[in-house]
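Shared between the two complexes below is chain A, which pairs with chain B and chain C, respectively.
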Partner chain A sequence: MTRFLRSRLLDLVIGVLGVSTAVFFLLRLTGDPVALLVTETATREEMERIREAMGLNAPLWEQYVSFLARALRGDFGESIRLAKPAAALVWDTLPATLELTTAALGIATLLALPLGMLAAVYRGTAMETAASVLTLAGQSMPFFWLGILLILVFAVELRWLPSFGRGTWWHLVLPAVTLSASTMAKTARLVRAGMIEILSQEYIRTARAKGLGERRVILEHALWNTAIPVVTILALDFGVLLGGAVVTETIFAWPGTGRLMIQAIQGRDFPVVQAAVFILAVLFIVVNAALDLLYVWLDPRIRHR
Partner chain B sequence: MSGSIRASVIARLRRTPPSRWLALGVLALVVLAAATASLIAPHPPLRQIIAQRLQPPGTRSAVRAADGAVGTAAGAASAVHAFGTDQLGRDILSRILHGGRISLLVALAAVLLSGTMGTLFGLVAGYAGGLTDRVVMRVAEVQLAFPFILLVVSIVAVLGPGTRNVVLALGISGWVAYAKLVRAQVLTLRELPFVEAARAVGAGAGRIMFRQILPNTLSPVVVLASFSVAQMIILESALSFLGLGVQPPTPTWGGMLADSRGYLATAWWLATFPGAVLMATVLAINILGDWLRDLLDPTMRI
Partner chain C sequence: MARIVCWIASLVLALGLGSPAAAQPQRLTIGIGSVPNSPEPHRDSTSNAMMIYAQMYEKLVGVDDQGRMVPVLAESWRLVNDTTWELKLRKNVAFHNGEPFTAESVKFSIERVMNPATKSPWGGRIALVERVEIGDSHTLRIVTKSPFGPLLQGLTVVDMLPPKYFTEKTERGFLEAPVGTGPFRFKAWAKQDHFTFTGNPGYWGGRPALDEVVFRAVPEDATRVAGVETGELDVALLLPPEQVARLKGKGIDVRSTYQGQGMVLQIRGLQEPLRSPKVRQALNYAIDKEAILKSILLGYGRILDGQLVGPDAFGYNPALKPYPYDPKRAKQLLAEAGHPNGLTVRFNGSIGRYTKDKEIVEFVAGQLAEVGVKAQLEFLEAGVFIQQLMGASIGPIWVMAWQYFPAMDADLPLNFLRTEGIAKVMASPEYDRLFAKQRTTMDAEARRKALQELNAFLRNDPPAAFLVQTSGIYAVQSRVQGFTWKATYLADLTKVRIAR
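This part shows the complex of A and B:
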């Protein structure tokens, strides 16, 4: 168990280092950072002074080390457009993004479990066809188009739900449903496949043979054993959702980190882009590491590998 | 092909569900329409007629067809705006046809780039093993630490928007899946007797990798590639939607959807038609991907 934990921890550290390296070069590849800071009338001497002040004349590896040191302390410099620390802007918007992704993850799970189970249990019936059509559609639906359609129907035509901004629970519905579609489809497919495989196992036959009701066989014996692949895909999809949030937040004017990042890219505000990419990627790494521990709890066999 | 194989192939094709034939038809139609867009588009995709902005589907066009076209099918088609016009009075159908070109070409180029990169890295890492393997897989792990869209958006942020940069960003972001897939197979294949035999008769590493091992890894790569064409089409549209992809005035499906957002309350057709074509294309490719997987590698789990 300690070996397992230690190797996971090492992965975590290497992951964070890798991400910071990538983010460092992200800035250095975009050209001269000073040119972004000064007005067009700046003289060569002024630019040189800023360059010296920012430490841009030091050797690259020195800059890299100092960047790393600052990044690990959460310091990414000032935003170029808004006079605020870049990291603070990201931290301010992160709760909104987490609210959106968590809601989407919840919706996806709540819909995918029954959908996948029904498709597996009622194999070869209209129920399975309906479920598979729904999942295929969910998988092929470009989510930003789904978002627009939901706005058209529920905000513009029916006027049931607000189409932009954040505030009440009602504001959360359309963006979260939009974001959940592809994860829901993928998870439902997986639940179905896992269920079908498990229902043909011997211990299920044993459970039935000892006279357990079908409901208990499925809910207690089969469902629990589909948990690992389902948790895996949901964990991986947390990253997909974080990425998807970038687009979804833009559609619904949701004040999260994704929208902040797109605005920063459009305004060439690179400290903010760096901070957003770094914090989202590290968040994803940490969530994955936490999930590795969850597996151990779900399936004690992993501990002994 | 011997008679019995032919018979079994025919029997298999007969059992193919009609949805797959339909998907094949849809995709063929989309590809054909995109390829011939400049011939069949009823209007020039960039022509603006401000007097005819935001006209609903079926509106008669203010611009008369060229004299030579009057009375022909093309002349009849250009007499109306079948899918309506956008906020600048441009014909939506024509823009969808031209936009299909960009979507398909960008997606294919990106898949080709990521597939080639990933296959090469996976092949070398798996065959060489040791330090090479560890370095390649570590880079892959770090890349996987970035949520996919986030990675694509970051690369575009560095490179700047534009068609070539979108292809590069999508291509670079996508190689890991291929590398992992190919590497896993190479690890098994390289221990098999036929590789041993090749080595025994004096074949070099390059020859063994490319002539003996590579051909045996290609089926799952082709299946993965077919699914990622669909994914790349969605991503290209997402980038254009965010304004980070192919730049206006070049028509793209994602760009058209982005434009539509300002007019949802007044002009539903701006969003509906490009999105429907986008979804139909992606759906068709996904269904065909399933088919391809069943044919080439039924054990694969994608």
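This part shows the complex of A and C:
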């Protein structure tokens, strides 16, 4: 167990270091925050004055070392555009994004399991065709397109749900469904494939032979054994969801970290982008490590390997 | 269980039977692409921020529909000598916390904008101010280092803050409970989400009819359109032209306003093959402005009359006409300039920076190809676009829209074209001389003439292919009365009311 934790911790350090280094240098390659801070009629002297005031005149390596040193203490500096610590801005918006991504993850799991199962059990029937059409659509529709479509149908035409913003649970429905679509589709296909393989296994035949009802065979014996690949894909897709949140949050005017990042990137607000990427990377790696622990619980054999 | 039932019942009662007799509050919700990142008015120069700040903060002067200076917190002004303005302030004006608005407030606010530590993007607009001298509580003098014609225009972006309250609270404290002198008081804001104001009963211009105004940040155009269709928004600003027909079909009132913004194909004439004025004139003849206006902007906007600003700007030259669409003439001019086989040039565009910019850029590139100008089209992300613009590495041709609001003065875009202008568009001693004359002319009418002269100069030696003055399209629910959006990008909400 300690070995497991130690290796996960190493993953965390390497992953976060790599990501923040890449972000630090890429950002500085592509834009100058001062150019974005002044109006288009500014003079060179004005820009120089502001650059000096922001400490952007120091050599790059010096800025990098001080960034790393402070980041380790959780200090990402002050936002260039807002008189607030960058990390605080990220923490403020993170609950909205986590609410959205966990809801999407939940919806994806709840829909994918029955869908994949039905498609596997009722092979060759209309049920399977319907399920495969649904999963194909879910996987191929971009967040952007699906989001606007859902707004037009459920908010504008049917008036069942609000079209944007965060507030009540109703506000969560459309963005979460939008964000869940591709993960749902991917997971459903995986469940189906897993189920088909498992249903042909000998222990399933044994279960049936000893007279167990089909429902118990599928729910207790077969479904449980598709859990490991499903958990794996959900864990990996958590990253996809965080990325998708950027687009989804923009469409639905959802005040989360995704939109904070877009705004910070457009304004080349270095401290905020760095803080957001750092915190999200840590989150992603921790979630994956946690799911690795879940494997052990799902499949005790892993512990003995 | 019984307790829960009881609790739910009382909740239902409270919600349902609350106060049916009380008048419903007058509440206006405006959907806008973004809300400012902070209630601090001196640091955010984006158009949306400017419009939202204007509900709670005020300036000394403003501009009316014809581009004339009008009093706001300054009641009157006069020129004492070429470097000194004397302003008389409106009396009996108070900030929302009760602190009186006086000459001290003006001195504090102007000095704060000019202080480099504030990092205010507006500093450049009043950079020539040397000092602010207080006469009495409501009289002050602004002294400039040298004669500076557009000083009042510069003051149209400087919001007045309360010095005593600001100093006591420090900046951080002020931002938690900001106060201005405007018709609405700050109530709440949430980053990227909303800005909420309540009506200021003690407003010097009279109590506004609205009890509450909410600006909701809805970045996606299609979502703003949906919001106005469902009634979640009372007003939706800056809608794409292609959505107008759909909204009108649903019985929603869709309007538009010309914006103080001229869209052009900017041309850096400092380097070959664009050095010759003939080449730059050719690019003007090559582009069918009518087609851009009709088929891409669906009629929203108007063709620029061979200058960077529209007729609503101070300094607009009514004698100038647009370059006609004449591809033959364009080819001939290119040949005369030594490019009979055309030329190749890098062309930068943006996506989503201006309404329909991508479509316009692609159309323009096609038109240039027809006269033999091969444009190497390269779209730049917003941050890269600005960086290359400010670093003078953009282009040499690129699409750009020049904002001359809220001052509505041609000085703003023309300033950019000086030899020491940041994007290095041109280098003409003659132009610089004319520009300096404009800047140092204190008589308004004489300065207008000087600006017109500058515009005429640029019509013949064009630093751009002049395209269109843009329009802002917006939708308003029929229950909203008295809402208009102006060319200055501002909206006066003091007369707005919601009909029942």
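In this section, the second predicted complex is superposed on the first by the 264 of 305 C-alpha atoms of A that agree within 3 Å, B and C clash if a C-alpha of one lies under 4 Å from a C-alpha of the other, contacts with A are read in each partner's own complex, and residues count from 1 in each chain.
Here is the rule we go by: a residue touches a chain if its C-beta (ideal position, glycine included) is under 8 Å from a C-beta of that chain, and two chains touch if they have at least 3 such contacts.
What you see is a predicted model; the values in this text were computed from it and never measured.
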Partner chain in contact with A:148 - chain B first, chain C second, else both or neither: both
First (chain B), second (chain C), both or neither touched by A:250: both
Contacts of A:81 with chain B and chain C, given as first, second, both or neither: second
Touching partner for A:50 - first (chain B), second (chain C), both, neither: second
Contacts of A:156 with chain B and chain C, given as first, second, both or neither: both
Partner chain in contact with A:265 - chain B first, chain C second, else both or neither: both
Contacts of A:19 with chain B and chain C, given as first, second, both or neither: first
Chain B versus chain C as contact partner of A:195, first or second or both or neither: neither
Touched partner set for A:284, first chain B, second chain C, both or neither: first
Doubly contacted residues of chain A, that is, touched by chain B and again by chain C: 30, 148, 151-152, 155-156, 163, 250-251, 265-266
For the chain A and chain B complex, residues of the former touching the latter: 11, 14-15, 18-19, 21-22, 26, 29-30, 136-137, 139-142, 144-145, 148-149, 151-152, 155-156, 163, 193, 239-244, 246-247, 250-251, 261-262, 265-266, 270, 273, 277, 280-281, 284-285
Contact footprint of chain A on chain B as seen in their complex: 138-139, 141-142, 145-151, 153-154, 156-158, 230, 234, 237-238, 241-244, 254, 257, 260-261, 264-265, 268, 271-272, 275, 278-279, 282-283, 286-287, 301
Chain A-touching residues of chain C, taken from the complex the two chains share: 34, 37-38, 40, 43-45, 116-117, 119, 121-125, 127, 171-172, 175, 190-193, 216-220, 222-223, 226-227, 229-230, 232, 381-384, 386-387, 389-391, 403, 412, 415-416, 420, 422
Chain A - residues contacting chain C, complex: 30-32, 34-44, 46-47, 49-50, 53-54, 81-84, 89, 92-93, 148, 151-152, 155-156, 159, 162-166, 250-253, 255, 259-260, 263, 265-268
